[in-house]
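Please go over the structures that come below.
Look at the two complexes coming up: chain A is in both, with chain B in one and chain C in the other.
Our next item is the complex of A and B:
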């Protein structure tokens, strides 16, 4: 299964091995320390009064009665916090013409979605804070609201925010110039209008923050359930005017994140100010209802797309119009335009065609903000592309696997680029397709499908090819002016007992970052894995870096760890050379022992070497420099992104009378380059697939026409559960990137990128005998039955 | 969210419980398994000043046959017991058949039949099954106890004929007879969810023809609903395809589900028809 390790092939190699996570036992034993678990002396609790209005002017706020309630220490409004915190704007410079209004921790005079926090109460307990919320009187003046995407785009539409010139946040166009000609000359054109509902992350642990302002030192410590502690250190520092070195952000154990926990939230920003105003630690943990109305939502696209093919089934061109609604503001600091931007750039990415046109409209409306969530843009681009490919196949009478075989970029065509400007180093689409067909017994399933159809059993098979963006360089955010690092840093040291510590800037939210970093360090250094302790998630004790998002932990963080470990190894061998009076090049470190490289015979244990270095430097020659700590940074060079690829297959059974779909099985063949830990890659793929199937069948934030969320609880918002999920079979191909020694790319988003597309194709395949089709996610029984004309 | 502060008492007898309620000036609520009440309090949808914990009242417990051979189920019978108890399996099989569809094991270990029926959620399984089983509901109040037929018990969404402060004490279910056939199923988006539609059927077929049919639906209106026209259409048939089709057709006169933001009324009626057809088909093909 594994590609040859080459330079990585070491006698005690951990790279490529399925090892379990050292932290799993601790978490299972209930020893996790989440922000919610923390209790600081004199800690207070914050609760927020939220707007029941979708869009309204704040006429007046009366907090007097609330201030007199038991346990209440502070009631703060937007004006109170605006005096401390400078406003922020969710735009990036490289998105030309993008606009979004400045935001404050709490609004000054206008609310723009139902559920927006308006007033904060800080009290001795959360219950007392909530009691006091009931005593606050806010007079609102209802304003006209825009909830619907198409309505928001009309020139005469009401404005999502008062005074805005229109509801357009950002518009982008891509055009290779020859699209009209291609469509005019095409043998067939297929087209469809797609709708993708809003959904949200629903992390097991909700958002949580505990801010501790120490006025005596002018120091702010924030315990924050986030993926990106360094980004928040920078933001808290700049918006509250505290020197960066005086701001410490600690991300302890995190119960899931999926992109949701790297955006600035108004409540979180407010909590910093609340702690400063009270001069006491203040904690806020979003409850599930608050999560539904204030965590970022994802997707919400309406895509009109068409594809031109010639008579042989060759794809000639695509033409795409994506409109996406993002709420009343663009999020900060990553904006709400990245998803749409990736949608239009990822369309058709696995295929060879060269002619492409796309238009993107990012639109304001009165709902909670949408922004980056696992597989940003990918599922939309993939579903649209792959459904059109299936429609083209149907038009031509071709098998879906066959039309893909004819159009996927050949495996020997690299390097090459996409018509949207993405550069591909080396991908394996054709091999993936062949592997998938074998893995799922594609031909067998097709034969079975035909037999069962005759008996009234309606099964569907869907496949979907994808690429995934990973290892982003500064081309992602840095060039847009955001202070979001594309590099990572690690400090690796040998302790006096000969153990190893690695403090690294990539972070852990349950995916196993610490495990793979430990594997890489142990492997590259030459020590047993148990001797390596990895620390993450604390700006005071780890070097500055990008942390974990967009699939960069393994590819960038892993390479950082590798290079740091190699440098430390060379320092160790040089010191060993001095002690042993040998040439460092003749020595090796294996399993914690310095050995003679040629014979493997043991010379000195690392623990003994460390003892000498730390306690008996007097025994070393005077000019010895024992550097048993190495600090190292690595930033991606070469390709702006390391693309990964793969293909997924989904097998479903449709109950055509009820509209219910049973997902029978799901397959993934993926190529994330070097696999560091197959177990964790499989977990990432499976978890990602489940999130995609959730989007395909279950998850949707439903709003009424007025813009009120109608299903903001776990009773009504359906997350995918184990009973409904199929077995997921995962196969791997390894095409390492040559940009790094490690060769790893990302794998965290691949599962989500294409599973909803495969499911969409599978359901449509099952519906074919009825002459019906569906182009809206999630595919609920209601939508399926309506498509089937059953009621 | 956190519940508002409240007081708590744990009475030892029904009389003490009723007294505690009477003394609280309408601000008290009984708590049994807490599986509906506690979430409602945590969301501050309900904020009683006094919780009267009835979970320890011996008079509300017990699963036994009475003198007349019927089954008496104490209000505190847990959902999990409904699933496992042999007497329930023998005399009230619809409860046992429906139990696995009610929530998840952790909730079934604490939730009580009395709490489920007193709450009268039209999407709940047990209230509808009480209708299908022809249960009588025993309630205790300051004036003593009285019995209410399940048919008369459910008034409107979450509303029953119990007066405020009355306690649901027990269910009385007629003994099963030879030739009874029962079946239950529902259509839910995920295992354990409240269903889009659910249905329990009890047929008396001592000699191959349907002597009596009782069909009850959940999640089709403001209260659990018996499908009397469908029942009539089945009566006297041998449960053949024609009889089943007639029962399905008759549902249009029994059910009038309203549109909600997820499911149009017409679709719910369609699903009810499909479900009934499948359930009756299952009974017809059972040995």
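Our next item is the complex of A and C:
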């Protein structure tokens, strides 16, 4: 541990302390300001006519009647917007051979999924805009739809997008070279074909954007419900040819994001152009039905995998084939290939084995685009690995906890790397396993399970170890040519009243970013937390940075705040030294007062020092430089990624008559490095677990064989409800990263990474007496009954 | 058919008369015409609970009601419940327990909690979870919300016992 942090017995020691979020009070009072709430003078509303066809050629569009409808100010087609906005391509340079066709805000001549926006209407009210949609005539010519993964890969397959060479977006292979030998020599080989359904974020606030083009200044202001305002400032600037400094993106309160709100959406890009064409503010809020056919979907993987073990239960090798079906285009700017790439690289990551082979196929089809959503790739890699480990244990007659104890990387083996090339600084898998067993009374549950089985009650216990990628360096996107920052920036100031402001580039979606940044700044400066005001989410008032995604808010944003605060503290003590004619090193800042470090006696209040600096600089020596504002940037160095780790346990009861599963309880032991605020970490974990349990049991975007989404409403798509979710017990181990002073790694994805894997193992454990197994998520009652041979 | 209709209702204790289109939902009326944006829209089909308001003292989905149906009624939104201090203890417990993240579901959660505790003073955790089944939350995983409501139920029960008979 780094000595100055984590000592909770000194004044202003906030790092490591559970404190409530100051900014939550306005949300509780109904005073949140979400983009959906905003109204600007002369604001217009956009609505989009969407394709009912899965794949079709646009023959003609007749908008004449719509233009004459009440309140309508503009009807725009793909050609109108293509005249303003350059096309985009969803590829990254470091994904060799990746391809995807250029995309426009609205299509020019072809629709490639059902629900794709085709024509925009802008009117005085949303209702009037929607009224006018009904008056637009589009003639479509139906084209063959690509809606099946295997069919898409056949050489004679129809193309998901016309003119494409084939339906393969990206292929990758990893091979340590010795896999066949390992399998040949193995005592046992277990294998399975897994299917992971499509699901989607269902943020409770849908996507929302309000673009305001001011032609007089040539300035674009966009109020955008996004995690990544800087990324969008860059994109709007470049695709619409507006100087970057003239583009301001403001992300106010955001009603959930989970990765979904950091991709370019066609409607959002169109709204910028619509505002330019109308020279008025234009707002678009996706309604829930639109969300289901336009928000990115995630997962949709078919994984064939096998694992070789020796007679003692040592894992020798894994061999994996992952095929994932995306949309007809790869998303922009982060692509639709990152999830598959992480799936094949995260396989087996907690374990010691060295022999690995994987093939990834990313396949186009005529469905909603897929891309990064919370815990990108982790749940798939984790579920495949952990299920195979359980299958190996069963084959060997070993307890699932015992086979993990034999194979998890020892806690004293670090630093080390994975056969897929990831480098691990320091993890705690073995300690996590021991802690989990104690936390859930693993042996007691096993004994209870045996007793209950004798009475016809079928409970299952599943455990799943995991790693989580965090604190990404430019290795994630920057090296692939994407203008997505790996660094963050902060401006920290002392105000004339001796209060502190911190404007920082990491953003807030409710996880508590502003709270932890405030804790870190107050802690490192030595001021009461109540005197620190943190602002985020506005490209005009905060420095450029990566913002919040992939688990980087605490690890990178937190370190940025820490380093900035330390520099400001040094400036404060230097100025205090000048004023007090003392050595700065003999002074300290405690609770907002400069004191003598040795005795703690008060010398000058920060408010008095600020008063002098701002209003009476004439009383300072002539060469004094009072720098009470510090701008500071920090980019991760050292390891390309930090990794966190942990393990989860799930306890379920299966009703073999109905196929219904009751989740009795769930446990998590996780090691996110330095914990800044235990209260917030626990709730990140719990929220993440429930999203993973949603994927395990409920959530699925179901398509028919023609490529039509059949459950695209919140009445049909099942989101986990309070009554179905268990209480979740969370335990912690702290192994700070030594790459930063703060030592934080992050916790945003950990819950989601492994909860579906633990649930999969638990359900299979419950099904063991029936000789049945399941390898498809979500595990719906129908699928469970089918697995049991009952349906 | 679409001509605006005059309606008179009491919103957060204030009696007002406005014109509303017959097709305008109560949610849109509150948010757009009155600027009461604490009432949120998550699904517009009565599933997610973000739009819940008190209508004559009972939680209702404002996305499923038309504004004209509220003519003559008394509506309380999160803004009114906050100003009247009716849910102060719930808000405080949610804050202490971090029973909200993005906050979009929170006004609806508070309305449901207030409705539940009016119906049943000391609900079990299972009863609280059942009562929240019409309120989706994507951030918290629900446990903190259940904890906060359970805490308030206990606190309210304790303060009732302290009252003189």
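By definition in this document, the second predicted complex is superposed on the first by the 780 of 791 C-alpha atoms of A that agree within 3 Å, B and C clash if a C-alpha of one lies under 4 Å from a C-alpha of the other, contacts with A are read in each partner's own complex, and residues count from 1 in each chain.
Here is the rule we go by: a contact is a pair of C-beta atoms (placed from the backbone, for glycine too) under 8 Å apart; a residue touches a chain by one contact, two chains touch by 3 or more.
Computed from a prediction, not measured in an experiment: that's the story for all the values here.
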First (chain B), second (chain C), both or neither touched by A:660: first
Partner, of chain C and chain B, that touches more residues belonging to chain A: C
Touching partner for A:57 - first (chain B), second (chain C), both, neither: neither
Contacts of A:790 with chain B and chain C, given as first, second, both or neither: first
Which of chain B and chain C A:24 touches, first, second, both or neither: second
First, second, both or neither for A:287, with chain B first and chain C second: both
Partner chain(s) touched by A:529 [first = chain B, second = chain C, both, neither]: neither
Contacts of A:721 with chain B and chain C, given as first, second, both or neither: both
Chain B versus chain C as contact partner of A:205, first or second or both or neither: second
Touched partner set for A:188, first chain B, second chain C, both or neither: neither
Shared contact residues on chain A - chain B and chain C: 127, 287, 713, 715, 721, 723
Contact set on chain B toward chain A in their complex: 1-5, 43-44, 187, 189-194, 196, 261-264, 266-267, 269-271, 274
Chain A partner contacts - residues on chain C that touch it in the complex: 21, 23, 31-32, 36-45, 47-48, 50, 77-79, 82, 91, 94-96, 98, 100-107, 110, 125-126, 128-130, 132-133, 135-146
Interface residues, chain A side, partner chain C - complex: 20-21, 24-25, 27-34, 36-37, 39, 127, 201-206, 253-258, 287-288, 509-512, 679-680, 683, 686-691, 713-715, 719, 721-723, 725, 727-728, 751
Residues on chain A engaged by chain B in the complex (per definition of touch): 125-127, 130-131, 287, 289, 657-658, 660, 698, 702, 704, 710, 713, 715, 718, 720-721, 723-724, 780-782, 785-786, 790-791
